[in-house]
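There are two complexes below, and they share chain A, which is joined by chain B in the first and by chain C in the second.
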Partner chain A sequence: MKAFIGLINGMISGATPILLAALGGVFTYYAGVFNIAMEGMMLVGAFFAVLGSYFLGSWLWGIGLAIFGSLALALIFILFAVGLKTDEFVTGIALNLFALGITTYLLRQIFKVKGVFSNPGIIPIPAIKIPLIENIPVLGKILSGQNLMVYIAILITWLSYFLIFRTRFGLRLRAAGYNAARLDSSGVSSAWMRVWSLLICGVFCGLAGAFLSLGYVNLFAENMSAGRGWISLAAIILVNGHPLGVALISLLFGFSDGLGLLLQGYQAPAQFTAMVPYLATLIALYFYAVRAKEKRIR
Partner chain B sequence: MDNLIEMRNIIKVYPPNVVALDDVSVDFREGEIHSIVGENGAGKSTLMKILYGLTPADSGEILLSGKTVSFHNPGEAIAAGIGMVHQEIVLIPQYTVWENIVLGVEPVRSFGRLDVEKAQQLVRQKIDEFQFNIDIHARVEDISVAARQKVEILTLLYRNVSILILDEPTSVLTPQEIPQLFNELARLRDNGHTILFISHRLEEVLELSDRITVMRKGKKIATVEASQTNRQELARMMVGREVLFLSRRTTQSPGRVVFHIENLNLRASDGRTRLKEINLDVRSGEIVGLAGVEGNGQFELVNTIMGIQKPTSGRISVDSTDITHAPILERRRKIAFVPQDRGKMGASLTADIVDNAIMTHHRLNDQFSLWSGLLLNYPFARHFTDVLAEKFAVVMPSRSAPFRALSGGNQQKVILGRELMLNSPFILLDQPTRGLDVGSIEYVHDQILHMRSEGKAILMISADLEEIFLLSDRILVLYRGQIVADIPVEQTSLEEIGTLMLEGKPRDE
Partner chain C sequence: MNSQRVLNGVVGVLIALIIGAIIMLVQGYNPILTYQALFQYSLFGWYPFATTLKNAVPLVLSGLSAAMAFASGVVNLGQPGQLVMGALLATIGGLYLDLPPELMIPGLALLAMIGGVLWAGVAALLRQWFEMSEFIVTLMLNMIADYFTVWAITYPFKDASAYSPMTPQINPKGWLPLIGDFNTTIFFMIGAVVVMWFFFNRWKAGYEWRITGQNSLFARLGGCDIQKNFMGVMLLTGALAGLAGGLVVMAGPHRFIKGLGANYAWDGVMIAIVANNGLIATFLYGVFFSAIQTGALGMELITDVPSEIAQVLQAILVLVIVASREYLNATLEKVAARRRARIRQT
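And then the complex of A and B:
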């Protein structure tokens, strides 16, 4: 039973950063931006979260700085891809590599360590205990006691759905992706919708990064996003950007993440278990491609 | 009636030296349907784009209700009450009709929520006011082109536009759909709207308009009352010489069967039938016209003939050789093919003219290769291009210019020339004159008729019924993947074919 609860909780905390980044990507997906920079935004977010939490002494400052760092990356993306109309894919690759370089550099310059910075002075984002619910057997250990960011992610899932499908903003956002010319001719700038989507993506990826370094673990490690941004991209594409579908896929990836950790307990090589989420991505992509192929022929 | 809009001394020059509009002055009255006619390149669209704020004029002024105006973008024009429906309809296929219409001026409730009920109610109001017949909940990808055009018009009416510019709206409609559009336009005029109608189809212009402005080569020739002119006069003003609207087809009896399709079926992977029991013969010296509303299987039929899609069952043969399963190159020995999409399937826009001119020839004709096919014989290729250009009157800057530097008419001449010089017994033409001006169309038609007199078997697919009637010996109608009619041209009428295209069967008496 304990192993089971551990697996479920592993799944939830594994899913949270992917979900948050993917929800950010959902906005750019609908706005018609081919955005692959979630990986870099998340990594920068994770670094700045530790920076804020350690030096300013509060996890709130950590989250604030994480959003700031991630947004800075989003602004560079906006300047190049929207403003100067550079290729989105190349811009995204450049930003991801830049994010890896700058965080590693700053880690060594500011904290004077290589590889990992771990310190009791990093204040983590707290877990939230919900009274009454925490007393329910089994379920209580899952529903209650999760990290604050897990609950925020659930809230943001619903918020994203609402924004995209129920509001004027959402109607225009999707229009920008479906047919920008039509949106422009109706008097709304599609470029601005792309800017908004990237800003939202920046905020969400900042949250994802903050959870990585102040929730999932309590440290910063070089390249600690470890491909989660790419997995979030896969999640978006697999469900054609639907926020609820993204949540489901994120849980699936989270599960393989948790499974990897569990297998490690049974002496499976760490390199192999670390491979599991990516293997899951490939399998998911295979099924997606088969489905897409059938659609195309039709 | 007062002049609502006056355009005075408009000049527009596209660098370096193309004069699109040469001192054009024209006025539009309140509550009239005013047509602007002219060949492609006459400047009619440019004139309207200047009025709508899409392109700036180099000089001249525009007065709206007596006041000088100048719009820098369409948004400003719409705010002033001028809206334009473009030839290419730009809608969001994934959205419903009402979502497309309200996009940009959506009613909202608290938290920026869309006020769906109010939006639908406002759209319905406009539809009722002008008696449009359209389902506001339909998804745009599921509705016909005619309905999409209505959505465009409604989008402008929803924004309270009183002056509507329509750029060749009938070019995408079937003959049956045109009267409905005209009724709606007439109703709009009776409600006080002003309609500016760009076209080059003279009969419909005469039928619809109150006044007609004729343009030629960037100049305004005249503005006339529709009731005081006729087709011959308009055509003379438009082209600058007498134009004959007669078929130049000579009587000639067709020979042996060259192209033969037997019980051809094509089912898509989703199980839907795309082509059903197609039986088709084309004889030597015969032009068979295939009519049909787009999307009824023309695309699939062409693809199957050319080997791009594999039929589920059936047989295709040319000159008694079965080519049903032949590779594409093998088919090209027997089939000359002019595809409808010049820029994608017909040619490579970025490659130069020589490369485009020798495509297919370079694989089929040994004269194009050196060292047993390792090298292309470029001197011969250049010579061949010159011969083609000479024979098909191609006007080109230089042989090595990229294909996209040619005008649409000249591009089509190169493609047509290349295909006809293959000297194949069977010629497949898919919309051979789409997007060409009157002069080029006349030329292409002459070439097609010339091939007929040389004894080629020709299958022509066209959305332009007039073209089909002008050239074909027999007319077939494709409806939902089936051939529902096969009638000699002398025994049918535009109306009959139009009905068959829309309903798949003759109208009940």
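And then the complex of A and C:
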């Protein structure tokens, strides 16, 4: 039972950063931006979260700075991809490498360390205990006591669904991706919709980064996003951008993350258990490809 | 057209260096002294220049790999994985083979290419059989290759006397010899650039690949076998990335150390993008990026600026050069369109 609860909790905390980043990517997906900078935005967010939490002494500041840092990256993306019309793929790749470079540089410059910065002065995002529910056997240990960011992620999932499918903003957003010229001719600037989608993506990726460095673990490590941005991109593609589908897929990846941790308990080499989420992505892509092929034949 | 490209590159580099200088000024460093140190340790003098060229090898080779793939319309982003797999296979060969150097060195280079080909082949086959997009597949395979090679040097091939994960040194007969200050690894690089240029610009297969990259429908109607060409591009670019890994082992530490792949392959991808997939441009930018990286290490010795600034400089370079190129092209197009309109009026 204990292993089961551990697996479920591992799944939830593994899924949260992927879900948050993917939800940000969902907005850009609908707006027709080929955004692959989630990886970099998350990494910068994670770094600034530690910066805020350590120097300003509160996890709230951490989250605030994380959003700020990630937004700064989103603004660069906007400047190049929307403003100067640079290729989005190129901008994304360069930004990811820029994020890696700047965080490594600042880690050395500000904290005077290489590789990893961990310190008891970094204040983590607290876990939330829900009264009454926490007393339910088994379920209580899953529903209550999760990190605050987990609940925020659930909230954001519904919010994204509502925003994209039930509001005028969402309609325009989807129109920008579906047929930008039509949207422009109806008097709404598609470029501005792309800008908004990127800003939203920046905020969500900042939250994802903050969870990585102040919730999932309590430290900053070089390149700690470790491909999660790419996995979230895969999650978006697999369900064609539907927020609820993204949530499901994220849980699946979270499960493989938790499974890896569990397997490590059974003496499997850490390197192989760490591969599990990436293998899971490949398997998911396989099923997606097969389904897409069947659809085309029909 | 050509002079415009050169102008664009030079202007882009200058703007990027100025932005870098501003960043240094904000942090309270002297940019002129910093740049002086940077280039003093990478370009001025035989030994610094030789080191820059040697360090350029993995950048240029993975850059060639990315450039050829992109120019052919194949999104092979698997260079990091192919590079470490090539390095691993070359290392294993170097540990167990014992041949005279003139057979050993080409043999190990071949093994490195096979390693890259095998890993790229996985992605190519997944696309061929199941139509899985090579873009995300190669990215995932990168992570898997990374963990796999770490496992290989931590358990089966670990140097028993070492404290951190690394293999023992390979047979000295597989070490690339020095000529003066210059490591012979640079001949592989120059050879690869020349051969690939001829292949890409003068041979039929290269022509087919380029046309497929520009307009795959046209290529198909013209009678190119798209499937076969895709396979060829993946395998050849995989071989180039694998060779990069093998040469790093044979020229440098002579063993597979944890973190050997570093950022070479991603830098290579960036270089290909900056070079707009041109092969000669890839070579030139590769050497330039290598100069920045090599010089940064020396710069750290005599100034307070951390060498990590090189990574920041590189990313700025990429963004500025690419953006100014596209901006310039758009502006020129606008001017041309306006001129056409004026001619039509008269």
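Basically, the second predicted complex is superposed on the first by the 293 of 298 C-alpha atoms of A that agree within 3 Å, B and C clash if a C-alpha of one lies under 4 Å from a C-alpha of the other, contacts with A are read in each partner's own complex, and residues count from 1 in each chain.
Definition applied: a contact is a pair of C-beta atoms (placed from the backbone, for glycine too) under 8 Å apart; a residue touches a chain by one contact, two chains touch by 3 or more.
Note that the coordinates shown come from a computational prediction; the quantities given were computed from them, not determined experimentally.
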Problem set entry | Partner chain in contact with A:Val195 - chain B first, chain C second, else both or neither | neither
For this session: Applying the touch criterion given at the start, work out whether A:Ala181 contacts chain B, chain C, both or neither, answering first, second, both or neither.
Result: first
For this session: Return first, second, both or neither, reflecting whether A:Ala289 touches chain B, chain C, both chains, or no partner chain.
Result: second
Exercise. When the two structures are overlaid on chain A, which partner does A:Ala274 contact: first (chain B), second (chain C), both, or neither?
Worked result: second
Problem set entry | Comparing the two partners chain B and chain C, which touches a greater set of residues in chain A | C
For this session: Could you tell me if A:Leu171 is touching chain B, chain C, both of them or neither one (first, second, both, neither)?
Result: first
Exercise. Of the partners chain B and chain C, which touch A:Leu43 in the superposed model: first, second, both, neither?
Worked result: neither
Exercise. Of the two partner chains, chain B (first) and chain C (second), which one does A:Val246 touch, if any: first, second, both, or neither?
Worked result: neither
Exercise. Once bound in the complex, which stretches of chain A touch chain C?
Worked result: 76, 80, 84-87, 90-91, 93-95, 97-98, 100-102, 104-105, 108-109, 226-227, 230, 233-234, 237, 269, 271-272, 274-275, 278-279, 281-282, 285-286, 288-290, 292-293
Problem set entry | Residues of chain C defined as touching chain A within the complex | 27, 126, 130-133, 136-137, 139-144, 147-148, 150-151, 154-155, 263, 266-267, 269-270, 273, 306, 308-312, 314-316, 318-319, 322-323, 326-327, 330
Seminar exercise, completed: The answer for chain A against chain B in the complex is residues 166-172, 174-175, 178-179, 181-183, 185-188, 294, 297-298
Problem set entry | Touching residues (chain side chain B, partner chain A) in the complex | 74-75, 78, 90-95, 99-100, 103-106, 108, 111-114, 155, 268-270, 272
